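Letters A, B and C mark the chains in the order given here, with residues in each chain numbered from 1 onward.
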Amino acid sequence: MRLDVSGLASGYETLEVVRDVDLTVGESEWVALVGAVGAGKTAVMGAIAGSLPVRRGRVALDGVDVTALPAHERVRRGLTLVPEGRRLFAGMTVGENLAAGASRVRGREAKSRVERVLELFPVLAERRRQQVGTLSGGEQQMCAVGRALMTGPSLLLIDELSLGLAPVVLDGLLDALVNVRAEGTSLLVVDQDVETLLTYADRAYVLRSGGIVMSGIASSLLADASFAREYLGVP
Amino acid sequence: MLAAGILLAGPAFLDQYWMRVVTFALMFAAMSAALNITAGFIGYPAFGDVVWFGLGAIATGTLMVKANWPFVAAVPVSVLLCTVLSALVGPSLLRLRGHYFAIGTLALNEATRALVQNLDVTGGGSGLALPITTGSVESTARFFYYLFLGAMALTVLVSLVIVRTRLGYGLRSIRANEDAAAAAGVNTTLLKTIAWTLSAALIGLTGAIYAYWISFIEPPAVFDIGISIKMFVIVLLGGVGTVFGPVIGAFGIQLLESQVWGNFLGYNLLILGGIVMVIVLFLPRGVVAFARSRARAVAALLSR
Amino acid sequence: MVYVQVLINGLLLGGLYACMAIGFSVIWGVMSIINLAHGSMIIMGAYITYWIWRDYGIDPFATIPVSGAALFCFGFFLQKYLLNRIVATSVFLSLIFTFGLDMVLTNVHLELFQADLRAVHTGYATSSLVIGSLFVPYARLAVFGTAIALTLFLMVLMNRTRIGNAIKATSFDVEAAELVGINTKQVYSITFAIGAMMAGIAGSLVATVHQFSPFGSVAFTTKSFVVVILGGLGSIPGAIAGGLVLAVAEAYTAYWQPGYAELVSFGLLLAVLVVRRRGLFGKRFYAEL
């Protein structure tokens, strides 16, 4: 699915955090959104997903304007966000959390989606009847991504994929996302681990103080000296 | 100033019917402004605060009927009783937050009512008939009018003092974020208890005056949770946490109510309930805030 | 022996208390709305049963689907068009709004059915199961059974169905629920509808064994309060436990000293609140405040 964002402005209460953001994600493309802490990445993701009000600008899915739609309607059209901090339903089991993602589809379809998620994240199969609070950080992130995949997204947004995860766990998640993308789902991912993210992504946008300041092919950004200095910690 | 002058001169031009309406408005203004100290300034929904009204009334009634105390002696003792009791239960109740605090105070009211109803000394379930005031109907009406006006003035004064002192600053910090206030060294329990005790004493005072005014009281009527709700509606209508809002709200509600009672007997609950629902839906921040935003809009229009 | 009889009476009433409180508990637990019109909704159910029985001679138990369905619809549209506008704003807006609603409903009941105490008279009202010197009235036993069965049914609904899962998810985190495609406003409407439905059914059961009038609403609401706090907010097993504990405590107090039943129930409520806020069943089920 194709996402077009143009002239987007958004923020919290009286504070405008991002403005004039233009970005696109193409059909089964993997796009990264990078920037320092406080640059407004979460606000951009929230505004696209519908959890944060859009003040100006337009969000369109496959050319259809969804700016005025509530979050759950955007999910129905194929756009799902894994929010920062995962936001799992704390008192519920892994199975119930996954089921919450498929509350709109019939039993048989839900079942096949669960099977697909457990195939991607086999460890969740063992934890299915456990409360999500008892999971490790990596398992929680898998559960959050799995729950989002239960909605059957054509465009998956992930805010802070690697936060607090061990490298080996992150590799597992990235491999799963490669599979998801191979099936035709587009990805827009925010992460602090810019170097790893850019080796997987096709393209990237750089956000600074609420506006896009740079964009391009991921591999050429990695090779760009000024980008490397600022975002990869290279002297 | 102008409003204060009109209120002072009120008895000179109000007839018997309107004296009664305005006296009720003054009473509810005093009570609601007192409730506002807890519900507005610290944001604790003291849903059962009618308990202090009831206690003030019952204590005054009991002292005057059973012990033959004069009114002037019974009132301070009743107020003291409310003060002491609220200071005693305050710390444990004020640990509760949000809905739980609301219910805790509700339970306190209901338990107190049930207790009072079963004690013989308070007249129990059959009620208390207080001695009738001496003097003409007009002078009695004037007497209570000024008593309630005084109670209201006292409450507004206390509110103003709270707002302008460190106590008010502390209370506002609790309303904004209690945990942060506690972390910053504010003794939240003490401040909350002081505010709640002040509010209880002032509500108790109105209850004490009410008992003598109405001259026959029974527990179900003075501990009626509907009175609490009415105080909340008044605070809400006037604007939560403002000093004069509850006064404006009380006059608004009381005038409305007198019209509804007078003209739609039999449908009064329906109409009053409907008004309450409409206020919540359309004026959730109160008339004062509404008027201010209107005034600003008009000013903006005129200055163009 | 008389103590056993008092216990039986208490337990039988406790089932009804649980059923009365469960809808109140679900609405409060999921949406943080304290529905002060809950008592009026129970009364509404009771009048529906009374009216069908009086005009068509239909057995009160057979009217349960009607009162349940009527209150379900009432609750759904009330939440959809009015309460959804104020839900999640402040603690006492919904409190005051539902109090206003309670006044309106009481007035409507008065207008339609007058202030008199009403009761449904069935042929089996006075017959009892007799075990030695103990009496178990059939009607009360049936009310108890129905109340407990419905309460358990609601538990299954919450834990085993898609809508139940969506309701739980919404109560834990509204925003996250929206983000996985749950229409949370719709979930709220359905939750209120279910709560109202339970109130309506409880009303039908009340009509079967008790007298009632429009002014009984406040008493029903406060009973629900006590049961929910005793048992723990949002917990269905807790509501059953709370209902039984309250009714038994009331029954013994009434036997010992008639006037003190209320004092004991509210004293109990205060004690539980101050000592152990989560109630007897201290586990988190829906949202915490």
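Basically, a residue touches a chain if its C-beta (ideal position, glycine included) is under 8 Å from a C-beta of that chain, and two chains touch if they have at least 3 such contacts.
Computed from a predicted structure; not experimentally measured.
*Asks:* As a test of understanding: of all chains, whose mean C-alpha position lies farthest from that of subunit A?
*Replies:* Farthest by centroid: B.
*Asks:* Which chain lies at the heart of the structure, taking centres as C-alpha averages?
*Replies:* Measuring from the global C-alpha mean, the nearest chain centre belongs to C.
*Asks:* Could you tell me between which two chains the number of C-beta pairs in contact is largest?
*Replies:* Max contact pairs: B-C.
*Asks:* Hey, how far is the Cα centre of subunit A from the one of subunit B, in Å?
*Replies:* 52
*Asks:* Which integer distance in Å separates the CA centroid of subunit B from that of subunit C?
*Replies:* 31
*Asks:* I'd like to verify one number: the distance from the centre of subunit A to the centre of subunit C, where each centre is the average of its C-alpha atoms, in whole angstrom.
*Replies:* One centre to the other, that is 43 Å.
*Asks:* Taking the complex as given, what residues does subunit A use to touch subunit C?
*Replies:* It is residues 49-51, 70-72, 75-76, 80-81, 83, 87-92, 96-97, 99-101, 103-104, 147-148, 150-151 of subunit A that touch subunit C.
*Asks:* Would you tell me which residues of subunit B are touching subunit C in their complex?
*Replies:* 39, 45, 47, 92-93, 95-100, 102-104, 106-108, 110-111, 114-115, 117-118, 125, 225, 229, 232-233, 236, 266-270, 272-277, 280-281, 284
*Asks:* Give the list of subunit C residues in touch with subunit B in this complex.
*Replies:* 28, 32, 34, 82, 85-86, 89-93, 95-97, 99-108, 110-111, 218, 222, 225-226, 229, 259-260, 262-263, 266-267, 269-270, 273-274, 277, 289
*Asks:* Across the complex, what residues on subunit C touch subunit A?
*Replies:* Counting only subunit C, the residues touching subunit A are 162-163, 165-166, 168-169, 172-173, 175-184, 284-286.
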